[in-house]
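Consider the two complexes below, in which chain A is the common component and chain B and chain C are the respective partners.
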Partner chain A sequence: MSQRSYRRREFLKASAAATLAGTGAFSLARQAFAADPINFFAWSAGVDQVKSHISAFEAKTGLKVAYNNAPWAQYRDTLVTKFVGRAPLDVLWVSDSWLPEWAEAGWLAPIDGYPQLLKYNADVDDFSTQSMMYKGKQYGLTYYTDYMGFFYDEDKLKKAGIGAPPKTWDEVVQQSLKIKKAGLAEYPLMLSMARETWLIEFLSAMVFSHGGRFVDDSGVAVMQDKKRGAHAALSWIVEAVNKHKIVSPACVEIGELNGLKAFTSGNHAFALLGRYRVRTLNDPKQSQIAGRVRQALMPAGPGGSHATVGWNRFYGLTSQAAANKEKAANAVKLIEWFGGKADGKYAFQKLMFMDVGSGFAVKPLFKDAEIIKAYQQYSDIGMYERQQALAKKKDVISPWFGEWDEVNGTAWQAAIVGKSSVDDALRKSADSWNKLRKQG
Partner chain B sequence: MKRIFLFCASTVFLVYVLAPVAWLVSSSVQQEAEITSRPPHWIPREPTLENFEAIFAAKEKQVTYETRRQGDPATGGYIPSTARNLVPAMWNSLIVAVAVVILNLVVSVPAAYAMAKIRFVGRSASIYFMLTTRVIPDIALVVPFFFFIHKLGLLDHLGSLVITYLAITVPFGVFILVGYFESLPDELDKAARIDGCSRLQTLLRVYLPLAVPSLVAVVLFTFLTSWNEFLLALMFTQTPASQTMPIIVAAFTSDFTISFSFINAAGVLAVIPPVILAVVFERYIVSGLTAGAVKG
Partner chain C sequence: MSRYDQMSALGLLAPMLVVLLVVAVFPVLYSFWVSLFDLKLTRPHRVPFVWLANYATVFQDPLFWASVWRTTWFTVISVAAIMVIALLAALLLNEEFRGRRFLSAVLLVPWAIPYVANGLMWKWIYDSGYGALNGLLFQLDFIDKYMVWLGDSEKTLALIANAFVWKEVPLATILILVGLKSIPGDLYSAARVDGANVWRRFVHITLPALRPSFMLVLIYEAMMAIRHFDLFFILTEGGPAEASHVLAWEVYVETFRKLSFGTGSALAYIMAILTFLLAFALIRALGKKL
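Up next, the complex of A and B:
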């Protein structure tokens, strides 16, 4: 018995020793093979375009790039785990929505100390640069940007005897009523108000075009203030659904993609959609209203403007790369190659636009002959540029954005379906914002 | 009347279950334009093997401006050069799944036998303790596992998946086998011991041949869990050298210009091995899972 126990103990000791030895051996092996490529992590979009641009970078600089990617849906969780686990990461694609969280956690480093990157701000639309700023510091160079656009079906407007698209939200009501009366559409305006990540983009576009904001420059909620635009925006939607009946009450169940499908099937005359959707809207293989869809400036509310909301994705520099002078220098070169100019041209932004259809924030590309030719096949590049110049970054991006977004979305929906007043909905949203802000 | 009702109900159920699989297979050999046609074409009018050619005939080459794959951003129809990662990913999935199955059996069979047939202090507690490890959601284990794997230097290595999948599958394997071994009479154990068998011989020569249905259940569960696992593979693998099928297929879905029929072709490849396994061991599956569930 004692002999058997001894053997068992010996076995356990040997197993533990083997495990530890294995751990050490693997660790050593890892260290031995640790060359120093630039670790570049992105979500899996435009993979061939990224790879081809990396090949050119490697050929040009002699530096190696370890490019890896993860699906967009799991990207944030993957990166958070890698940050916490101190996995090697130097350059990343970052969404403007995650910037406060990642900057506060110390995972991203500002690029203010690299004038070779900051010089590109002069060529970039202001909202895009602002989307990469947090607490006065800039955290990257733009990779992709786009905005919420206002689209209309030219045929329906002509049939209703309307000569020009609406310039104000009041005109949207008048024209919609005309279209409705002519029997051309039951609900002339397609608005997606379902609870999804797109909702804040739609709401922001409505609020900004009514001259409003959710929060002021100091971060205090102003959405409940009747003079600050958000109130007017929500009131307009509530009346559009319940009084004028130009927007379907089912809008609270319609997400962006379903909204796109509904518009392409010819059910509506007007729609708010991501600008990049115009290519699909005018593609005969995918749209029954192909060739009839035009973009107009976002209608303005009383005291508002043609402003809309824009969003941005950018190249970020990790703090671990910034802490090592040589690594930082190489990472900055890669960021410039992708987010700035490569061989004197905005090569990657152009590549992504031509191959994948991604929007860009660098203004000189609006004058690029190939881009103009490609875009004119399905829309008006002048309008693309004019509206983008009026885009604003979301003012609610904060470390508590996710939690507040839930409350805000529910409050707006409650007002739209008549379960609460506009005043109550916005007060609830403002209270939630201020409470979360106080908690930090 | 009852038989007709059962037949109809079974047919409806069968169609309900098989229709998505049939569509997956059909659409994988359709052109991109055909896949979105209304009404859908269940039988392709112009079948193509283009997707499978992209997967199997692709050669490893550097992607440059000249060799990059382009597509129509509006209509899809785009097959990325990463299509060539699918076959290596299948191979990775297979290696991991087979390794986990073998190691799981090596660990869980003796463990289950000991827990079922040897009386020792803390026997019940150890079974329940092992099961409680499965109550913890995988997402809560990701960061600790990541630290462990990082420390071992096994990031982007198939070994990381084998180790962590064992942690997930062994408790279930032991649980199934304990139930089965307990249902076998103790007299078998005693008789074998009287006849001069050691514990190991008793296990190998007496119990294992009787436990085939349960072993099949464990093999299937372990293989399918390893084959389909996504979260840990996403965290621990980074390059095609170690990425498994679910990671590669999921990566395709991020690209909104990618060909749907190509994604479906990848899906067909992903379901083939589990389907083969299920068909081969079909007669053991239910008996294996319920074995030992009722003592009598």
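Up next, the complex of A and C:
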């Protein structure tokens, strides 16, 4: 919808209101304004939970919410098209990966002017808040946060005579070879390296735990530098696949979901997966290794740490809503209701965690008795919190991330399948980054 | 025809002409117009007019030429396989034997399956962990451990071509079968009287008579193969590395992943022109012999 038609609609409403006021029906005119709903768009996750929380919001505030959703796979394209077409959007779920792109395009508005939202930062994990920042401004409140976790099948380790999970990537190799030799798994480590949106999370986890980065603080590519961790991380993967044969060469065709299925079927001893998958891994209805899966800190590479990558999805405020004072005020109320506290509690984050296992960034929930009780049934909440504290935001998030991600994913795969050297792959990726950065 | 008749005809055709202008001509012209701009949806405030720079960018990109080569390879292999298999199937179905009708119905099954369902089915078949292909070969003792199929960049394109051929053979068979049915029986009778054996009848009567069907199948399947996208999207997303990065995939990535509508439109135009040139060359080469 164009700005012109939007103004026309506003004008018609205002005219109607003036006429009604003139005839003494001013209260009806106020209802005409109030009936303009908050347009809330999300991807199709937790739809029932979202709807129930919206109902509570409407009952509490008297405001109306027009909720719509689209599948995650088409979400970015759908939203970009809506933005370009100026469709009415006020509040929406945003992935940290798209923030610079949408902020640069002027579609998202910062929330720095709303202290009632910023006060929640005190309760939120730092990497999560950082994931919502772009050029020094904050663009939302967290909806869901999680990170890449390292999981192992305790049974297989015991059968192979291994007492404790690996602390370093070297130990992963040693233990995997032992497990392989014992005939417990042909490819002990499950890595998903298929070309999909998850790939950058897997790669970032490997790079960060090797003490590396893709780009430095000033945004210049350092991934090609042999002394930095990206080179070590890719070298480790290439050797794991081709030299040690502890990772299947089919990893380049295995996406996150298929990787989960492979691990739950008992084919592997170790896996890198989204932390929230632990609920499925230890669910007897969905996993053949239920009850045997434990989480360990991300193994560290030489000179690295137990760092991992974290991601964040958040409630964003659109520029078109921010431009209208009344709309903005209502939208901010909705953002607070979902991303902050509702009736004094982090109700929605808790609801999503309890119902669908979504991770949260608000630290007080780690002390919530119900959450602790629920989580302890399938994993260790202490480990959950410890690893989350070591999570870092992706360093490649930029307006050109989507374009670079295509080149980078291809380059890493080429090295893994032996079509290029590690050096060439990372140089190609770095060249692409620097070229896109220069173009702006 | 009187002026009144002419005006009446134009009046009756006008609605359809308007529809065609709106849904076909305008989008085609508009997409060419778009291809002259550096249009990125995520950069809506800066859309410079760049003349033919998008085309120059495409032609200077080594990935474009690599994808042209892969598309050519995929097209040649697929179309050749389709033609041979469809000809054999059509010759079989042209004979009278018990179960012919049943076999004809079975042959149509792949054609009736939507492309997306076909892609998902082959994804299951080729899966390196639980795929039917590995299961079958393992049980038959042809392999001693599960193989990597789509993840092996040396095999990827051939495997996708196989899935494409499986889907396309039924239609090609029907088209060739129609050609076979239209050959007058008298020609074969006369050839028999002249002492021509089966092979000579096939070479001197059947094959020449099938030229129109062959040309139709050749042009149609070549265009389908060049433009094919679904299987690449579902099975490999252009990977592993760039092993299945064909032209249609390049158009998709440029347009819908990078949201670069300018370059994407230029690529789409290049692909359309290449397809047109191929069809034109085939008609010129084979049409004379009809």
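Throughout what follows, the second predicted complex is superposed on the first by the 405 of 440 C-alpha atoms of A that agree within 3 Å, B and C clash if a C-alpha of one lies under 4 Å from a C-alpha of the other, contacts with A are read in each partner's own complex, and residues count from 1 in each chain.
Going forward, a residue touches a chain if its C-beta (ideal position, glycine included) is under 8 Å from a C-beta of that chain, and two chains touch if they have at least 3 such contacts.
Since the model is a prediction, treat every value here as computed from it, not as a measurement.
After superposition on chain A, the partners chain B and chain C collide with one another. In the superposition on chain A, A:413 contacts chain C only, with no contact to chain B. In the superposition on chain A, A:133 makes contact with neither chain B nor chain C.
Once the two complexes are laid over each other on the shared chain, residue contacts for A:250 go to chain C alone; chain B is not touched.
Of the two partner chains placed around the shared chain by superposition, chain B and chain C are both touched by A:81. Of the two partner chains placed around the shared chain by superposition, chain C is the only one that A:105 touches, whereas chain B remains out of contact. In the superposition on chain A, A:389 makes contact with neither chain B nor chain C. When the two complexes are superposed via chain A, 95-103 is the only one of 59-67, 95-103, 149-157 or 185-193 in chain C with C-alpha atoms clashing against chain B. In the three-chain superposition model, chain A touches both chain B and chain C at residues 81, 84.
Chain A contributes residues 22-23, 26-31, 43-49, 51-53, 55-56, 66, 68-74, 78, 81-82, 84-87, 279-280, 283, 285-286, 351, 355-357, 378 to its touches with chain B in the complex. Note for the complex: chain B touches chain A at residues 33, 36, 62-65, 67-71, 73-75, 80-82, 142-143, 146-147, 150-155, 159, 234-235, 238-239, 250-257. Chain C meets chain A in the complex at residues 41-45, 127-130, 145, 148, 150-153, 236-243, 245, 253, 256-260.
The part of chain A that touches chain C in the complex is made up of residues 77, 80-81, 83-84, 101-102, 104-106, 186, 194-196, 248-254, 258, 262, 265, 267, 399, 402-403, 406, 409-410, 413-414, 416-417, 419-420.
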